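As structure tokens, here come the structures.
One chain, subunit A, links the two complexes that follow: it is found with subunit B in the first and with subunit C in the second.
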Partner chain A sequence: MKAAEKSLQQSYRLRQLLIHLMPLAALAILLAALCWAVTSKGYRLDIYLNIVFNEAVVLAVVATGAVFIYTLGSFDISLGASTLFSATLGVMTYNATQSLPLMLLVILVTAIGCSLLSSLLASVFHIPVFVTTVAMMSVLSAIAAQIITKNGGALGGISIPSDLLRPLDTPWFKVVILAAFVALSIFIFSFTKVGRRQKFLGGNPVCAQLTGIDLNRYTIIAFVMAGLGVGLGAFLTLIYTPSVTTGTASSIGMNIIVAIVFGGMPISGGPNSKIYSALVGGFSYILLNNTLKILIDGNTGYGVSQIVSAIFFLAVVYVTSINYRTKLLPR
Partner chain B sequence: MMKKSMKKLFALLLASALILSVFAGCSGKSTENSADPANSPAGGNEEQSQAPAPANEKPIKIGVLVADVSGEEALGFRNYYENYIAKNYNVELLYTEQLTDAAGERSAIERFAAQGCQAIISFSSSDRAMQVETCAQNKLFYAVASGMLDDEQYETYKTNEWFVGQVGPSMETEFEAGYAMGKYFADKGAKTIAMYGAFIPNPMHVYRAAGVIAGMGATYGGASDMGAIVGQIFGDQGVDPSKVSGGSVELVSYFQGYGETTTDELNAAIQAQPDAFLSVGMATTFFTQQLNTAGIEFSDIDSFTSGNQAAMTDGKLVYLAGKYSSSIGPIFAAVVDAVNGNPIRGEGGTAISVSQSYLVATDTASFDKYYSADQGDSPIYNKELLDTMIGDSVTYADFQAFVEADRS
Partner chain C sequence: MGAPILSMKGIHKRFSSTIALDGVDLDAYPGEIRGLIGENGSGKSTISSIAAGMQKADEGTMTFQGEPWAPASMIDALAHGVGMIVQESGTISGVTVAENIFLAETSQFRRMGLIDRKAMNAQADKALSDIGIQNVRGATPMAALDFQTRKLVEIAKVAMKEPKLLVVDETTTALSHDGRTILYQLMKRYRDEGRAVLFISHDLEEIMEVCDTLTVLRDGKLIRSFKKEEFDADQIRTSMIGRELQGDYYRSDFTPSAQNEAALEASGLCLGEELKDVSITLHKGEIVGIGGLSHCGMHTLGKVLFGAAKPERGSVTVNGRTITSEAAAMDEGLGYVAKDRDVESLTLSASIQDNIAIAGMERYAVSKGIILGSRERRYVDKEIDELSIKCSGRDQQVSQLSGGNKQKVVFGKWIGRGSEILILDCPTRGVDIGVKQAMYQLMMKLKGEGKSILMISEELPELIGMSDRLLIMKDGRVEKEFLRSAELTDADVIGYMI
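Take a look at the complex of A and B:
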């Protein structure tokens, strides 16, 4: 009897290990696939790896902050608009003051402020957070568009001097930003009560609140972390391209959802939430996109790579959901 | 239970691997063609393989940055490059998907650099200064087709050795196109007009709308010069009819954009019974049928296409300012020269900067003249003409005269 129970436990642990390792294995496979695709075509791998890194680092930073919100079982559709708005105000600040520290401060404060406003509106009006983020998305995009078109004139965009942030446009600087933010997030999520309580709230909000956990408090913390991620993402965006147009960061909001799922975290949040999902998923998604762009001839037709990417997304959601369709409570 | 799940998992992984293999297999064909010039002298597809190039000569590889993937004008441009230029020159053209921001433009240029492109032709304008810099960093020649950098940007980059140049309507040209259209209807005796502002605050549409107002003989917020009107329209994010005054023509209705309210706005404009409906872009794509049915004469700044030909012949389209698809031919020739080591430079080694005007058709005869002269295998800028601009003896003056020559 004991042997059977032990075997069952071992089997469960093995399965859990496999499921946890799956996103990492997928990341390794996708990296190998990209390297194979690039070299088989005779393209330059160093440039491709640089492109992937530059695209993924912004997504990974913003998505890492967003994990705190997704853990609560909520989601924020306004993160792309918030990135655009923060970058817009940052550029306007620099052009008015010529001060880089002030620009960075404005970007971070704006991003955190926008995020907090979403959560506060939800608390005040007692409506789901994602509803307020939908409204925020429209408002922030509209204000940013107004500022950009009014000040951009015939150029259609606003910008800071191109050489201002160029010294920071290095992999090492971006790695430091990414690593520092991921480390901070892991510390808060895994080594303080914040993460544990947020997982509880995401898994069973009624039960969590009955035990005395304050939903509003942890929602605010989640949105502050998401705002910090958005601010850093906006700064990294400006490092990559010193201009802001109405289309800047327009795809980030949706890409975050895909990245988090690719990283093995359920969109419903709860106890299976993991910080590293955003990091792994962000890089996996960008690797997949770039590999598909190489494999699918760009001249065959627009949108083909997006369709294939969507098929992969559905497959990944199906595979990862195998773990959640259990009758056992997660351990 | 676990076995069942694992089976499903492996089935899915296998299916995914198969899908990837299929695409890898499909792309393998084009890889072979692209990599081996002997198989395809002109590049990576069947059409390009018809190019009359020596089998041992490597094709010139050019990346094309694209922001508009569905407009009639954009499709016409692409058709000219893919189905005429690629057939007649030893060139491989690679296209981006729809670019929406500066980051996408930079990634696309870097991707083209990784793929061995030698030059970039840009139809995307999120951040052209960044495009020049990224091309220079990656040692790629860069040219703007059908558009221009603003004056300050041009001054900054005009001596950059990688900046080939720009050929297209400047913002002043856009203003003049709108002005001519507004003046045409004012001179024709129109008393009331409705106006469609297309996608203001898109700068091109802003300048055209400002031109229309000035061409009507009206002022906007008391201003009558280009800079002041344009500045106010940017500030208003559209045209405010209450600020249009003076002149003999009254603006009775205005709307812009395309969305859920567009049909209602168009109906309101039609019910105002204007003498004419003036559009600064896209009206022929969106509203031709409704305006024909309502019997309202209309105008647009678009391109010479079969759809617009029908609207002018059988419908109420009475004025069209447009570009023809092969108008992007000269910049291609300039890029080929640069890649071949014969860059066309102005005095002091400056990059090409030539403004290209619109052609105007006000009746079927003039429309047909431009339309039929720029078809498929016999475009206005055909190989015979372009070849005169490819070589080591072409000067800036030659090129400027070539672009500015009346091709009608």
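Take a look at the complex of A and C:
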């Protein structure tokens, strides 16, 4: 029995290792698929890799911050609107003051402020935090749209001088920003009391409370981290495209949900949450999206690629849940 | 004896790296209450849950009433004659009692496209009355009921189907005397009607009293079956654990002992009908037992003492500080083992490490709240070793552990952080005799170290066996206090509970 159990344990651990590596394997396969799709259509690979990189960096940064919220078993639908709003105020600030540091400060403060407001409203009114984020999404989108249409028009949008941030529009700068934020998040998540308590809270809020962990406090911290990610994402968006329209970052809120699940994090959050899921999932999702756009030409392409993404999403959630169910022992 | 109503041959089952059943044969005969007994993790729940369609065996064959038996689900099994009452909660909170009883069957009450709730509630009332539950109605929201009453609703739900084989999985630990009486009467009726009952319990006295035959499992294997006339407590215990119990079970001394210094003082606690002017002083090095019927307020008292429920009047003081929250309680060295282990004491999806380490971060964190993996691992390994937690490693998910080992993880969580005062609400609920003894010995060790323990329990023998002082609660008040004595018996105490 002992030898049999040891052998089973080894095979179980091997299976768990393979499950952990699956998101990375999927990322590699999606990268290969994109390269194949681009070259088979005769397009320039360097251009597509650049597009994927720039889109993925923004998604990965915002998703990294969002992991703190998802870990609690909650989600924030307003992250896209918050990115748009922060970038809008940043552009308005620069155009009024010609000060780049002030623009950056306004972007970060706005993003963190919006996040904090969502969590504080939830704490004050004792309602689920995602409810307040739904309201915030509407409010922030509406205000941003008002500012943009009033100052530049819905289609053209508002912009900063195109050469202002061009020196920063390099892969190295973006990688450094992304790496620094991911490193900070991993540190908080895995090597501090705050991160440990957040994961535990997400796993079982009742038990966490009976272990002295204050839900409101850690919800606020999670939203501050998400706000920081949104602020950095808004800044990176402006580096890539110096103009802001009403459609800027509009799909980020939903894309984050898919990206985090693609990265191997359980949708219910809790102790198995991982920061790297945002990184791996963010790049995987953008790779998938762009590959599908290339393969499915024409006006129907967008809709079909969304459907394929949705099927991928359901498949990943299903596989994750199978793994969860097999871990259950009756007692 | 005739042919078995259920026959299971060569059943094998694995969960990840754990072998839960290793070729077990089990028969249940008509007109028989068969006990299933064994330590936590012995495979009792696994084999019964396979019989009841909760999960499938990896290998082996089953027949039920002479036909091949392979239920697709618990609903399928119940529809064909095998019903199971599970150990933990098997009901849904957000709906009524009637909706729980007729879950997935509400269509039978459909009238012109709408559910006839009046008819459904009436049927539910009848199902409850049929097994002797008079104080719960079908229209009652499930969330308004306590753990015991929910369990009774679950019994009614299964009994309504009149199964040929009833599986009762450690249900009595959730029930008070009245609830147990209802269940025992149901089981006896089934036996008298020529049906079969598989009854799982850790309570040896109970199982010897109720059952006609007994099957002992250990480490996923069938060890031995006993007929009623062969029942012998020592032999059964030895079969269960594979050795004789060493040392005392309860405390061997009969003199109350404690230091003079008070560790915790509660005065004038009031909270609705649950607590009415309750005052308690717990001294250092003292074990205070709190007993009573399930609704007497003792479980609420545990929560109030730990700061998890706010009293309307009165206060709890430790080291001169009033306890107003769980965090404040922990700052002052309190630990709380909740009754509902899976919901209130553990995060099942987390590892053993996560569950033990979460409460003791102050003990192993370096400055500014930074955690180093090596220090954390040492902290957790020490608790795993000292409490002899049976696991494949500290990374194993808690949901994979047996009930007794889960409870050890809960103890490790609070003992590891050096809790000076432990509030234990039904600490031995659902754990086997070996783990129980280990916990009693641990309590004695902690008492010897000057720690204070307040043990809330529905089991009088352990309260009498372990407490320096025993407080009996009734209707939210402390009705009577007993000092430890060799002469103190259940009979002396019960009168003050009822």
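The rule is short, and it goes like this: the second predicted complex is superposed on the first by the 317 of 331 C-alpha atoms of A that agree within 3 Å, B and C clash if a C-alpha of one lies under 4 Å from a C-alpha of the other, contacts with A are read in each partner's own complex, and residues count from 1 in each chain.
Quick note on the criterion: a residue touches a chain if its C-beta (ideal position, glycine included) is under 8 Å from a C-beta of that chain, and two chains touch if they have at least 3 such contacts.
None of these values were measured; they are calculated from a predicted model.
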{"item": "Touching partner for A:L210 - first (subunit B), second (subunit C), both, neither", "value": "second"}
{"item": "Partner chain in contact with A:T170 - subunit B first, subunit C second, else both or neither", "value": "neither"}
{"item": "First, second, both or neither for A:F191, with subunit B first and subunit C second", "value": "second"}
{"item": "Partner chain(s) touched by A:T97 [first = subunit B, second = subunit C, both, neither]", "value": "neither"}
{"item": "Which of subunit B and subunit C A:S11 touches, first, second, both or neither", "value": "both"}
{"item": "First (subunit B), second (subunit C), both or neither touched by A:P271", "value": "second"}
{"item": "Of subunit B and subunit C, the chain that contacts the larger number of subunit A residues", "value": "B"}
{"item": "Which superposed partner A:K199 touches (first subunit B, second subunit C, both, neither)", "value": "second"}
{"item": "Overlap of subunit C and subunit B interfaces on subunit A (superposed complexes)", "value": "11"}
{"item": "Residues on subunit A engaged by subunit C in the complex (per definition of touch)", "value": "1, 4-5, 8-13, 190-194, 196-197, 199-200, 203-204, 206-214, 270-272, 324, 326-331"}
{"item": "Of all residues in subunit C, those that touch subunit A in their complex", "value": "14-20, 22, 40, 45-46, 49, 54-55, 87-88, 169-170, 219-220, 306, 308, 325-327, 329-330, 336, 338, 343-351, 354, 357-359, 361, 365, 369-372, 392, 397, 399-403, 413, 430"}
{"item": "Contact set on subunit A toward subunit B in their complex", "value": "11, 15, 33, 37-38, 40-45, 47-48, 50-51, 54-55, 58, 145-146, 149-150, 153-157, 159, 162, 237, 240-245, 247-251, 292-299, 302-303, 305, 308, 311-312, 315, 318-319, 322"}
{"item": "List of subunit B residues in touch with subunit A within their complex", "value": "2, 5-6, 8-9, 12-13, 15-16, 19-20, 23-24, 26-27, 30-31, 34-35, 44-45, 69, 82, 93-98, 100-107, 110-111, 113-116, 125-127, 129-130, 133, 138, 150, 153, 171, 201-203, 206-207, 230-231, 234-235, 237"}
